[in-house]
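Next, two complexes with chain A in common: one pairs it with chain B, the other with chain C.
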Partner chain A sequence: MFAGLFGKRDLLLPVTLLGLAAALGVSAMSLSTGDAGWGTQYTSMFSFDKYAQSFTAITLTSVLLLAGMSSWGFRTLNSSLGDHYALILFSLCGAVCMFSFTNLVMLFIGIEILSIPLYVLAGSRRDDLASNEAALKYFLMGAFATGILLFGMTLVYGSTGTFNTAAIGAAVERGVASPGMLKMGILLLVVGLSFKVSAVPFHFWAPDVYQGSPNTVTAFMATAVKTAGFAAFYRLFSTSFLGVNEFWSVGIAAIAGLTMTLSNFTAIFQTEFKRMMAYSSISHAGYLMMAILVAGQPGSAGAILLYMLTYSIATICAFSAYIVVAEPNGDGSFAAFNGLSKKQPLVALVMALSMLSLAGIPPLAGFFGKYFLFSTVMQQYPWLVVIAVINSAVSVYYYLKVIIAMYFTKEENTYEVLIPSSIRWVMVAGVVIITLLTVLPGNIFGLI
Partner chain B sequence: MSFLLIIVPLIASALLLLARPSGVRQIALAVGVVNFAISIFAAYSALYDGTVNHETNIAWIEQAGIRFSVGMDGIGILMILLTNLLTPLIILSSQSQRIDNEPRYYGLVLMMVAALNGVFLSTDGMLFYIFYELALIPIYFICAIWGGENRIRVTLKFFIYTFVGSLFMLVSLLYLYLKTPGTHSFAWTDLVNVQLSTVEAIWVMLGFFFAFAVKMPVFPFHTWQPDTYVTSPTGGTMLLSGIMLKMGVYGAIRWMIPMTPEAWHTLTPYFMALAVTGIVYASIIAVKQSDFKRLIAYSSIAHVGLIAAGVMAWNKMGLQGSLIQMLNHGINVVGLFFVVDLIERRLGTRTLRQMGGIAKVAPRFAVLFMIIMLGAVAVPLTNGFPGEFLLLNGVWQYNNWLGAIAGLTIIFGAVYMLRAYGMAMFGETNAETAEFTDLDGRETAVLGIVAALVLVLGFFPNIILQLTDGTVNRILGSVQF
Partner chain C sequence: MLEIIKTVPIEYYLLYSTVLFCIGVFGVLTRRNAIIVLMCVELMLNAVNLLLAAFSTYLGDAQGQIMVFFIMVVAAAEAAVGLGILVMIYRNTKSTDISLLDRLRN
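And now, the complex of A and B:
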């Protein structure tokens, strides 16, 4: 983080990568040894349990890939390069807090550590109007959401008398003196967190913010930030509010159904790749909302974990293919991809694999993500699964648009597409991970 | 050995797609021939008492009860023979023309072969589903990259139609899976033991039916088919009609009816009605076609309608007929599409009216085409006959009226095939057809093999009937209504 201060520009990326890899190594090691880390020391604030470890591991994997991508994505930055890496790493710290909190205060602090660097990152292209707009929108909406979230926490505290998530869970289980206050608090928490994970009807900021932000930052928002949002959502609801789940499950089910349906049907009409990806990311939020519904059931946490990993890797691969096509040519429409399979077969292949994986077409990794998620939800909410399945079928249509442009369209464009070596590495690593997940999805699912 | 049939083409496909070596044609053909040799050996060393041979069963995703389990009983062997017999023929026939980007084309064909073998070998429900869907990706790319006019719109319809169809099958499989006892399992033997109420079984069966009906296709789910067949490159059309549509029929025999016998009595009358309607409807349209390729596409709907009716009748005659007819229809339709391709490449048209008199200038072609055409019309002593005879007999046993209506297919079939043959081959030559060159060596080899199979299997249908006899008896005995 401080390397930028000393003007050691060339050192920034290696140091970042090394640090991330070391962190990933540590979390993978503690996962395999079943070591609780220093969880016991600070249990009142956070506990680095298996859940937190595995989510940290998958987020670090995504951020590692993103960092590889950033070496080219951030190529135009000069003095502020160090700041960018610092902000991303800060944000990542926030995410880790959100994976491991056992106290509402830590959740709140985690969300803030995650969000504030993002507001800055979204607006990091100062001379670009869209980027400014994105930052302002994101900040205003985020500030509102934070306020609502905080208000919700206060009400929950008021009714249960504690910030500790496990203690809240126990209190809710026993029944609280003022159930109205508790319900109001839960409702506000749902609203606040839905803002953060961009679920309908609190999603309006997402497409503009995704489109306006620099590509690398968008990829970060769509993957690591979303993972953090859902991991926190799930952790909170599975430990604290299972006692009154009949109260909030109707709302969550409605949000899930609406989110996937509205966003999918909007995505069909997009002509810009990045905006399509924004709506696609909202629709995946809809599928993931279903996992909150079955919080606490065996397999539901593993399902979110696997889904998040497959989704993140495919999204990062897609963005890395997108930036080499769109950035140098200044064209982000689907037509920019015309004839790509002839010009750059590797980029086209990576993009095609990511799109098919996001669409959940077997045998690609994304299918297993969907499969585990849907089968966990199937027993309790079969009708919601039917809606989700129909939506996955609809989504095939817009994911195929890119493939059609790359492989089948005869019209050519004159764009030149070059692959920088760092992006090539990201792509190869991404494809390897997708292949591994295709062959052995059970290993990730079984982590938690 | 089952495992080899999947993994060999898969590795070869990855090699062709990623490494793009030279000598692509030879590699592809060699893999096709090797696979055929493996399947012949597998068939030779198997037992035909209805048991599963050459099993491989390894744990894959244990948390979800999914195992990588493959093996073949008599029906599986028949399907494997069909797939791996047609593959070298399809690859060889593709080689008589220039194709852009050959590594990609043959890589996709081999990926398709791996997936098809996987479909016919899987004894695990989820594995079956995964291969079933995997087969869709390469064929979609083949048809959309190398296809003709309107290929993007047509293939998109095809893709979404079949993808949605299989999603319903996934829901059905999942429903059955959740009903299996203990820690759930997708193994065929476990799924088949699930007892359902009639209402549940009806929904589950409909899920399967939708997937398979789209694939076959059965009327009224056939609307994607004629356009896709016409638009696709010939290799793609052969894969689709020769092998891929059999995935649907096979799925009905292996999965749909054994899984949900409780719903058979309720739903079969409707399915039968659809199948028989499809036969008549497609035959009438075929008679009216002027585009030769489209004519064969519709004839394919009619034939597969009869096969589907034979399966739904669920008696010995119907099942045996549908199995042998799947093989023979595959052989004939590959031959016919190759004939269309030959004519189109030489004349630049598929319109029957613009042909004529070809028999005069290309006698070798005329004879081979004649034999294949007779097979398609199901003349006795050609391979089409035993299948159609058994099928009609099976449908007749189920319901006399339906049998009688389905029998129209023979008359219509003779009408449209003889008409097409006459218009193309006889009459006066025109400026175009006078220049028609007779077959070259490679073309003669492909058509010659097909014609020889038409005759051999016509004389000795027992070779095939023996393969499946034991398995059909066992299936009929084990599925209780």
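And now, the complex of A and C:
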């Protein structure tokens, strides 16, 4: 799978310069090979097991939609377009590394391959101070988190004597000579990875970075990057540190509870759509943290996979609707959506569907994501699920704000909203996927 | 060479690296100049490198030293991107002070 991706990426680099159509096609090809079941073990560095394959497939789906969106989203960028596609694809390679690593070295390399192009992408509007600021903040926080992560890896290496995740797992089960060092290492790994997935209390960079980055890049960060972060987090903790899970589960449970509560209550007070989406993405990180708690149990990986897919698709749909409303008019507040249902019923419908899906309203895909996730965690951590359900109820409030603005607000604005055909395709594809997930969530859940 | 490294007990390396690392963390959290923050991040990474080399010697295992190479390469790449971002910001604001960059919060 990875070699295939490399070969196609070489093909892709010149092709992306020509335009979007080829990028879409090639990504679709990688996607279909991802489903074909490449189970080969490479070395002790990677293993493309079903876990890696299915996560690669869902990330490629998101990036495919994003690529469709970016043809319009990137139209105003002043530097060459090919670089942006190339950077997104480099970043995607890092994500694939993070899905399939069996060695901490590869986890580190994967995170860096994912992050470094993103620093550049976040700052790709060179004349826009907000974009500059986002890039610098993201870079400094990312580098800082990497340092913490590496120190954690080093301590784990020092206490177990290996970087191989399975061997670490075995050593941890047996018990190590210096458990204090191992625990400190795990703690630092949790902190470093929490920075990467923007979980409270290490989330403070996320709203600023999400707001300042170009819209398409924000959508990429909120979906593919988050998927990669959680997939890596889960993979690491389910293979390596199950032996001491009573040590870290308390911390993760606290982080999960804090993350969803704090972010949901902050999201209520946001007036900008993009900032609201940033806090919403932090709150989804909180729900997903619960799945790390039950790492290694049957169904937990499938729950993350399904949740990530429903969340990514809904977020991308929301951003594609946001782009057509906010970018031409330069207004990203909720008021920009006033009366949208009369002007552009399709955009309003897509936005409404994705908001309801993110909120987890029953017939939609997001509900099944939440249902499977919560039911996996329910047995061991019922109190956490109660907090999560209350938070989901709170989140309905701010998601509904957009819908109210679109459908029920009397005040009109004079904004013109046009849908470029590429965005229209993304919206249609997104809605089709959301509908499919509504009908057959079990198929995704059962992939792993 | 290996014997020379081993004349110092591993705890001392651990302590020394931890102190270096903490200085780095402290610097990142308190300094306002983006270049100094970047240097502090490098200090953190070098503390990690030192500790990895020491562990690697004591464990008699080459993986740690290979990791050091990877970290060096990646840190160089990261610094290049970071300095690029800094140059971009300096052109726009004529400053490298990170406290200027709080426009997004409002």
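Heads up, the rule we're going with is that the second predicted complex is superposed on the first by the 404 of 448 C-alpha atoms of A that agree within 3 Å, B and C clash if a C-alpha of one lies under 4 Å from a C-alpha of the other, contacts with A are read in each partner's own complex, and residues count from 1 in each chain.
As a convention for this text, a residue touches a chain if its C-beta (ideal position, glycine included) is under 8 Å from a C-beta of that chain, and two chains touch if they have at least 3 such contacts.
Only a predicted model underlies this, so the values are computations on that prediction, with no experimental measurement involved.
In this overlay on chain A, chain B fits alongside chain C without clashing.
With both structures placed on the common chain, the touch criterion links A:430 to neither chain B nor chain C. Put simply, more of the residues of chain A are touched by C, taking chain B and chain C as the two choices. Of the two partner chains placed by superposition, A:185 touches none, neither chain B nor chain C. In the superposed pair of complexes, A:123 makes contact with chain C only, with no contact to chain B. In the superposed pair of complexes, A:409 makes contact with chain B only, with no contact to chain C.
In the superposed model, A:109 lies in contact with chain C only, and not with chain B.
Figure note: vertex chain A, arms to chain B and chain C, all at CA centres after fitting on chain A; angle 150 degrees, rounded to a multiple of 10. When the shared chain is aligned, chain C comes close enough to touch A:158, but chain B does not. Of the two partner chains placed by superposition, only chain C is touched by A:208; chain B is not.
By the touch criterion defined above, A:400 lies against chain B but remains apart from chain C after alignment on the C-alpha atoms of chain A.
Taking every C-alpha atom of chain B against every C-alpha atom of chain C, the smallest gap after superposition is 28 Å.
Residue overlap on chain A between its contacts with chain B in one complex and with chain C in the other: absent. Residues 299, 302, 356, 361-363, 367-368, 371-372, 374-375, 378-379, 385-386, 389, 392-393, 396-397, 400, 404, 407-409, 440-442, 445-446 of chain A are the ones touching chain B in the complex. Those residues of chain B that touch chain A in the complex are listed here as 60-64, 66, 129-131, 133-134, 136-137, 141, 144-145, 151-152, 155-156, 159-160, 163-164, 167, 170-171, 174-175, 177-178.
Across the complex, chain C is touched by residues 104-105, 108-109, 112, 116, 119-120, 123, 126-127, 129-130, 132-137, 139-140, 143-144, 146-148, 150-151, 153-154, 157-158, 161-163, 181, 207-208, 211-212 of chain A.
Across the complex, chain C meets chain A through its residues 14, 21, 24-25, 28, 34, 37-38, 41, 44-45, 47-48, 51-52, 55, 59, 61, 63-64, 66-67, 70-71, 74, 77-78, 81-82, 84-86, 88-89, 92-93, 98, 101, 103-105.
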